[in-house]
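Next come the structures, one after another.
The same chain A turns up in both complexes below, where it pairs with chain B and then with chain C.
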Partner chain A sequence: MNPTVDALREKFGAAIQRADVVWGETTVVVERTRVAEIVRWLHDDPGQSYVYLSDVTAVENRDVEQPLEVVWHLRSLAFRRFLRLKALLPKGTPLEVPSVFPIFKSADWMERECFDMFGVKFVGHPDLRRLLMWEGYKEGFPLRKDIPLLGRFSRAEQLRQALAANPEARYSKEELSIADAFEDLPQDMRARLRSGEKTGE
Partner chain B sequence: MGLTPRPESNVVSYDPKGGEGWVTTRLDFLVNWGRANSLWPMPFGTACCAIEFMASAAAQFDLARFGMERMSFSPRQADVLICAGRVPFKLAPVLRRIWQQMPQPKWAISMGACASTGGMFDNYAVVQGIDTIIPVDVYVPGCPPRPEGLIYGIMMLQEKVKRERAADPSIRHEMEPDPTSQLYIPPSAINELSEPFGNAVHQTRSGL
Partner chain C sequence: MATIKRTVEVELSTTGLDAQGRPQRVPLAVAEDGSTVTVAAPPAIEPEREGVHMLINIGPQLPATHGVLRLVLELDGETVVRCIPHIGYLHCGFEKIGEYRQYNQIIPWTDREDYLNSIGNNVAFVLGAERLFGIETTERCTVLRVIAMELSRIISHLVWLGTTCIDIGAYTPFLWLFQERENVYALLERWVGARLTTTATRVGGMAADLPNGWTEQLQTFITLFPKTLDEVDRVLTKNGIWVGRTIGLGAMTAEEALNYGLSGPMLRASGVAYDVRKDFPYLDYETYDFEVPVGTNGDVYDRYLVRFEELRQSVRILEQALRRLPDGPVNIDDHRVILPPKSKATSEMESMIHHFKQVMEGPRPPIGESYVAVESPKGEKGYYMVSDGTSKPVRWRIRPPSFVNLSAIPRMVEGHLLSDVIAINASIDIVMGEIDR
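Our next item is the complex of A and B:
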């Protein structure tokens, strides 16, 4: 078992609900509301340094009481360790987990995809929109078990709704522009842009 | 007489001894001959079929032999749209727009099982045949079709182009979709065309 589990138990106590090892990979089931806090510690603590988030996704089981769980895959490059965190969303709880976007920027699209496919809300994500399906997709969250594989509407209706979308609406210049990311650019690049150098448009 | 009809019997040439000869032909035959042998394809590659399309265009199979020397990556200079791969619903308005941007005369080839019928992707996300979005001239079956298959499809299209008649311009009428629904064939026909078949009929409809 991954030695991180003991450290987690010591630090977070009852928030660590269960830990199993399957095929040499450790899965830790943690309390839904404390995920961000736990991931923050795993990321920041020099003895853990899980600095790479390789996936955020969700699983729906055919289990009426325990349908959904959200899964995070973390990797510690320094210690060559892999850790899988899970948060269970039992029936009746809101489909909400804290976003880890403030810790890992890479969580941005992963959380959007997970929201798009399962409808899990990541509280604290700055821009939680659909990623794969188009905006205005009306059939729900397609990887949920209650969606028939063919979708809810007839083919003609699906096609009508799809064709009603404006193909250019999603690719606005603003969305693609560098301006939003300006503050995150390296120092020297910012200096060059400030001096009026063209960005190559 | 020195008048000799060629085997296609659309071309008649006269070659007097020692003088300059002349050739007569029908205008639409000449135009079609030119069009058929210089089709500029616009590859619309969305999935694995596009790889096979690239193979067809590359040295071994060499589409250039059939007048497709130049791939047109802009729809405005293209003659034939080759849709290679599955088209998700999100891409449907894009494909429609690209088709509308192509100038007449234009043709469409649907390459592979997915583009023609949705293939194995009988699910909520994939268009069940691009003929529900744009009119298609030639369907090439296969998953993916081998380059020979695609080339055969292209040669069929060339035959079709050669058989057009200037006297019948109806084939060149742009199909206008219904302004409210944007569909150009009736919804009932679309539902019928995209009915599940094969194993897809047995797929689970979860009650959960």
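Our next item is the complex of A and C:
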């Protein structure tokens, strides 16, 4: 087992719920509200120095009663250690975990993707919006088990939505904060963006 | 933006041959005092346009974005103030599809994500699946996989260098490099029957053993290939235009690069010697003798130098792998995991049952999870798989290196000129198939 586990237990006590080793990889299940704090300590402590965030993702079990798991893969390059952190989000509670973006810039797109695919809200992420799917996507969160492989909507409905979307309206509001460029846009697009719409729906 | 002070001895256009028969080199532009090359400052922005920012859209259909990447740039004159990348135009839901496929059926999908490194992805995926199944492959298989990974690294770096040359304005190296890439594809085609979408591995082994005479063909390639590299080195590394268009661009310090999660040549160019092959070895890479090239400035030029040296190191690894390639079986001797040979399946009852069970139900790993990362040409490529004991994974996650590398592009291009955005974007070595999945 990764020696970091003992150090974590000593430092955070009850926030470390479980630790086990599967196929040589150590998994630590932590209290979900304290993830950012724990990752911060792992990053900053010279005895741990987990300076590289490999991955942020989530896992939903086929058994829908099981909690959704958010998974962080961390690497300590100095000590050549690999650690998997997990936080369990029980069904029926809001899917929220603290963002590790203030610690790792690399978490930016990984958290956005995780939000896009699973609907997990990373509290503290400055720009949490869809990444791979478009912002007007209405079917939900694609990697959740309640979405069938071919999508929730019928093929005809998917086609109708695709045809109804305005391909010109692909700028996000953030991009249009530049006043000059905003005035250059077509009249109807300006009106829609003023009314608070983010991108083309 | 930090200014980078470094001297590269630049060799420029030729006027003829010297006494040794080598092309003579003269500098393209020499200042009055004869030593330094000064470039005139760009004219000031027209006063009435000063302070007015322009929004410009690059892509997603521009070939220079290497795929369907869209960048929205806010420009002050010609300087990038802000860059907002948009991805997802190639999103096909590979991870979702993987949850509905058996492990061996996922392998074809791994070809199609990072399609320049398809055989490397095949190997990486089965390494993850084998950890989940808890099986050890044969010695011959391990060495064959090393050969596969290094060949695909060579392909990927050749394509990167060739296309980046075109982006920056050099056409000749592209032709030379693609000729060599063709040779590697010829090797792969003889081995597994396909060039781009190889699907070369199976959980527990390989789809095919090497054909007769293949190792000699590979030996010929690794003898001739370094000569092409030397030629490209000679026209590129000290070329004034190449150096001028790459040096000091998109520089990242070591701490920044780590914090932004860069990996592979992008991270090593910034001076961090993190190579999964050395730090978290797989496929017995720790027993091979090779160097991990490391840059200092983390700019486009250093990324070029790092990748170029990696090509030479890959040749070294290939040489060693060829020397140690043992005889023996390629696949493990456990027909609950790997298909029995066709001849046995049609003649022996037990093999036929195994064959039937495998095709209809697929091998089942125990409950568990594994994250296996390999050093792909782009960086740390990870496959995270979770099994609930059925023949299909609950979750199959790709950790795409160029996805994370690309997420740092707003930081890399800010403060640079519009034309340099293309060079910086090219230096990341993105493959949109891998980013969007």
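One rule holds for everything that comes next: the second predicted complex is superposed on the first by the 160 of 201 C-alpha atoms of A that agree within 3 Å, B and C clash if a C-alpha of one lies under 4 Å from a C-alpha of the other, contacts with A are read in each partner's own complex, and residues count from 1 in each chain.
Assume contacts are C-beta pairs under 8 Å (C-beta built on N, C-alpha and C of every residue); 3 or more make two chains touch, one makes a residue touch a chain.
Small disclaimer: the values here were computed from a predicted structure and weren't measured.
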Touching partner for A:L77 - first (chain B), second (chain C), both, neither: second
First, second, both or neither for A:D6, with chain B first and chain C second: neither
Which superposed partner A:D20 touches (first chain B, second chain C, both, neither): neither
First, second, both or neither for A:T57, with chain B first and chain C second: second
Which superposed partner A:P142 touches (first chain B, second chain C, both, neither): both
First, second, both or neither for A:A156, with chain B first and chain C second: first
Which superposed partner A:D45 touches (first chain B, second chain C, both, neither): neither
Chain B or chain C, by number of chain A residues touched: C
Chain B versus chain C as contact partner of A:L131, first or second or both or neither: second
Touched partner set for A:S106, first chain B, second chain C, both or neither: second
Common interface positions of chain A, toward chain B and toward chain C: 62, 132-134, 142, 149
Chain A residues within the chain B interface of the complex: 62, 64, 67, 132-134, 139, 142, 145-151, 154-167
List of chain C residues in touch with chain A within their complex: 52-55, 70, 72, 74, 84, 86-88, 91, 93, 95-97, 100, 131-132, 134, 258-262, 272, 274, 279-280, 368-371, 373, 380, 382, 384, 386, 388, 394-395, 397, 399, 403-404, 406-408, 411, 436-437
Of all residues in chain B, those that touch chain A in their complex: 89-90, 92-94, 96-97, 122-125, 127-128, 132-133, 177, 181-183, 187-188, 190-191, 193-194, 196, 203-206, 208
Interfacial residue positions of chain A with respect to chain C in the complex: 22-25, 27, 51-55, 57, 59-62, 71, 73, 75, 77, 80, 82, 84, 104-110, 113, 117, 131-134, 142-143, 149, 170-172, 174-176, 178, 180-181
